[in-house]
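Starting off with a structure, shown below.
Order of writing sets the labels: A, B, C and D. Residues in every chain begin at 1.
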């Protein structure tokens, strides 16, 4: 057995040991600091039949995302290739090396480092089938090396992989990146040297080995293997503290997410998992309208997660965000960036004493047999929308109770977005009380912000629908038969309705009943925020208008007659532009009754 | 130009004065009144009568709404009766508030003769005295202002810093009751109060014109008398100090006994409360009455003038002017008795 | 283009007060001018008005007098001839109208005036949504009928004016002050009061800018004699009530209290914007300034000249302007043009 | 030493250093606030103001008066719905103003000069 030992393996062994200890400690801490609700979800998934779909999801997600990087590839195939080649390639190198070792020793007992340093220790590896093994290993190494070379090019010029910008890294990450990049060339050189001396290499290592002078190989073999081992050691010891921690965290995240865990209003162990699962790929920078239009390049998800994880100051990153959720949709790891940002916004330890007592006196309305209609705060400034909805209700003979005809209690979402969690709950309590007391059939709302709030944050006993859903249903049922016009209309997906609630088809369906849809390049989940989102308070109007202009350029590319939207906020934002005609879908329908 | 300036002058009698002392001045700055009498009698050779039976004018009580108007009128009438009985016609009240009260009563009688008659009757019924309205009411500062050049002849010192040779920088403060109640009653009226500035300029000093020059010292009887309201009183003084601080005054001179006292004592209070003094070295800005200023320049002994009774000590100023004084005699009283040493303030240097 | 080319010495685009005044003065100087107006009437913006501030003189009479000047001076005048393009060719300007006819002129005076702000863009005020909301232009038309009525055709109990609709508002991109609305509101408020003395009249303003002769006096008279209430506060939103009145929300900023009231009529004092013609023609020859208005060369000494030689501007195409200012400006422009023609010799013909 | 009274603070708004600092600190957080011309449009449209006496311009006044306790109470009424920002003819970022003031007035949290100033200058 002693022939399978050499001092150069020590760095590797120590590094690996340290790595596993650190990771075990971290995982333990994260899992134990899940909050009660999250733990309950985990047990509910593990102890019921839900466990089977959960397990299936875990396996599927890990293969898809951790190894194959399907989401990144879908977003950008060159970047996907880079990530996949390194992740999958390395994984296969390890697995294949392991199997190769098993095969060679006929399943007999062997030492754990043998799979890694196989070529060095098994020098008589030149019999028939071994050539195939060697070729396979070389192919995998070549695969990884191709990824590494793309990574190196990308660090110099990001457009190589079709990404506008590289993530700005900490110096620590940069050091570690070099050690990662060195591992595979080192392995190549080490194996080539051994191949030169023993002839046990595959097509690549043997090819290079044959070119090396024997004296060089003799002198350099052990130093190269030592360097390889040392690179591995450095990388393993440091990486739990670097962005590469995502390699091990992502599977863990997938496990817990599949078991039904989601972000809470306060940071928990799950938040730590999400923070560590970010690979800082920079896809969130790519889609961010603030970066694109305003050159604000320090607030994107990647920077927020980085700074929160490492405890760096991040006031700007916390505050300056439109909360348009573009990054959440784009994130290949599926990190709930917006939720984490809300947690951070709440960290001003905002006082919670309630001063909304003045709302207590509001009486509900007996709305049995009616629907409740909630226009929302903003709709007071867009009477065109509410008046159209009233006209439509009357036209189809629907009895309704407009909850906020005169005064509106805000749905609470704007407060929540700014981190005022307790105050938002207070407003929700008041509104929920009004709605439940009224015994209305269901709730229709015109504002996607309220809609998302009512739907996700309220837990109402009645169904909540947005007016576009309502109109779509009426048209499907044939209750509403608007006249078709020759208008060409570009539809703007409001963030809160589209990315927020996945309502993409109903508005289009309704619009097609009265007009022709113009082609819009970036639409549905890629729709550009109108810039005036309530999620942001850091931007002044001039800057918001720049984002809006980008949205308008996108919408107007096909020269539509007008722009339609389904959000009073977006409508107001577009109305500010003197060269734009914008209408709410409800208005377009009401005009054609 | 001169013609217009003449419109801002007031009539001040030449001689034969009836002197009325001030409650505050004779209590807190007794040397001042003695010095004034000495100046008039010895330096200027005037006739000034110091009545032994005099009493308060009720000014503090009157302005605090404690003493009714008719009472004040009668009390004022009695003082005038003392003057009439002594055979004088020119009334000189040491206190600025008394000056204001007398001017006000005389003015009121002028417009309401029935009040004058009623007052005469009450005074006669109660004391058997009769009185004449003074021909001239002038404040002692008016008189010193009038004879400032005569006094200058006799002065040993000037308001000049002997180390730099430059004029001393002086903040002058005029009592509100001097010319703000009846603007025409003061030299330069309320618009260009010149009574103290005239002395300072004549005697070699430089008057500082700072933003809050016309602001009240903060005495305000009703504010000061109620302890809870004293915050307003001191806030006024503080406002003045903050305003004059950048001009680095060498000292403050005032013609009202109340102002002199409050500008002096509040410096101690502010120093205790906020550890803040308004000069560079932490001693505070010395506050003198105009009699003390004149007395010093005439070479009177600072301790006879009563400067040791001030809160802010005057030694640094005396050194600047070059006035000789004996530090050992500071706490030796006029009678030769050794006075008890005052307690040292916490923050203000002495 | 049908090939027919008409050659002119000075072409004046815009038959409003500025255009007509400049044309009549130039023709009196013996300059050969032609006057083009896109609408079918002369000075149609004035024609839409009832009476004029500050003297309550008749708007129709002014239009009459202006039209008379065209006749008296025998000015070749083209009504319903909308000039849509303006182009410099060598030393001449080529004008093209909607029908494709071309005109060649040595010199051009742009007097294309203003359009009123489209109040529908301020959706929260409910113009076009609530029946009781009207613009100041609509009110002039109603005043012309000699009777003030609410939605139901009755005498209104309350009429409310709101200043600065479409001006001084970054929300619609017009940061400038429209200048004439303040005094117009005062004038209209008085007229409403004269026709219907029982009606309560309110004027909501942010600042009242009574810049002209007699304006301040008119404001004072409105307060004193007509009891018109001036409230310093901006109306933020309007809603309709069950009886088809308009409910408005504002803050009386001088009292510091929110104010909610209903009114029969809400009159929006719509500001001036660069007219379509102004925007188009100014952009054609590169003299478009902010907000689409025409840009003069220099505000003090060359306010009628432009960056283009031989192209002059007058009146409300430059900035919001009252009628009298526009007329004065036109006279100044005429003087400039006469000077210009003297130094530029007739180089052809 | 206890005199039984304290020096009253001046009530007048003067362009003193502290006053200038007070404005500067606010305007640093919310630069657009300089543009306010006090038209009252914000108060008029305020959602909370429809239920209760809540005046956004008064928020500014309380701030300038240094009555931070009252200011804090006043600010709690705001629902952050954003209508005020949406009608402001000068584009003042009012939500930002309210959030910054709320955070600055928070007793348990101290992070910047703004908060230090408010803490030290309460009247």
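To be clear about the criterion, contacts are C-beta pairs under 8 Å (C-beta built on N, C-alpha and C of every residue); 3 or more make two chains touch, one makes a residue touch a chain.
Note that the coordinates shown come from a computational prediction; the quantities given were computed from them, not determined experimentally.
J.: In terms of CA centroid distance, which chain is the most far removed from subunit C?
T.: B
J.: Closest chain to the protein's overall Cα mean, using per-chain Cα means, please.
T.: Of the chains present, the most centrally placed is D.
J.: When C-D is set beside A-C, which has more C-beta pairs in contact?
T.: C-D
J.: Where the centres are mean C-alpha positions, what is the separation of subunit C from subunit D, in Å?
T.: Averaging C-alpha atoms per chain gives centres 41 Å apart.
J.: Please compute the C-alpha centroid of subunit B, do the same for subunit C, then give the distance between them in whole Å.
T.: Roughly 70 Å, centre to centre.
J.: Measuring from the mean C-alpha position of subunit A to the mean C-alpha position of subunit C, what distance in angstrom results?
T.: 54
J.: I'd like the Å distance between the centres of subunit A and subunit D, where a centre is the mean of that chain's Cα atoms.
T.: Going by mean C-alpha positions, subunit A sits 38 Å from subunit D.
J.: If I count partner chains per residue in subunit C, which residues reach a count of at least 2?
T.: 124, 170-171, 236-237
J.: Which positions in subunit B are in touch with at least two other chains?
T.: none
J.: Scan subunit A for residues touching two or more other chains and write them down.
T.: In subunit A, 380-381, 406, 541, 572 touch at least two other chains.
J.: Report the complete set of touching chain pairs.
T.: A-C, A-D, B-D, C-D
J.: Going by the contact rule set out above, which residues of subunit C touch subunit D in the complex?
T.: Touch residues, subunit C against subunit D: 124, 164, 168-171, 206-207, 232-237, 249-253, 256-259.
J.: Please name which positions on subunit B make contact with subunit D in the complex.
T.: Listed in rising order, the residues are 227-232, 234-235, 238-239, 269-270, 272-274, 346.
J.: Where on subunit A does subunit D make contact in their complex?
T.: Subunit A reaches subunit D through residues 315, 348-351, 353-356, 358-359, 362, 377-378, 380-381, 406-410, 412, 414-415, 418, 420, 423, 427, 534, 537-542, 569, 572.
J.: Can you tell me which positions in subunit D touch subunit C when the two form their complex?
T.: The contact residues of subunit D facing subunit C are 37-46, 49-50, 53, 55, 57-58, 83, 86-91.
J.: Inside the complex, what are the residues of subunit D that reach subunit A?
T.: By the definition above, subunit D touches subunit A via 31-32, 45, 47-48, 50-52, 73, 76-77, 79-83, 86-87, 91, 93, 95-96, 99, 102-103, 106-109, 111.
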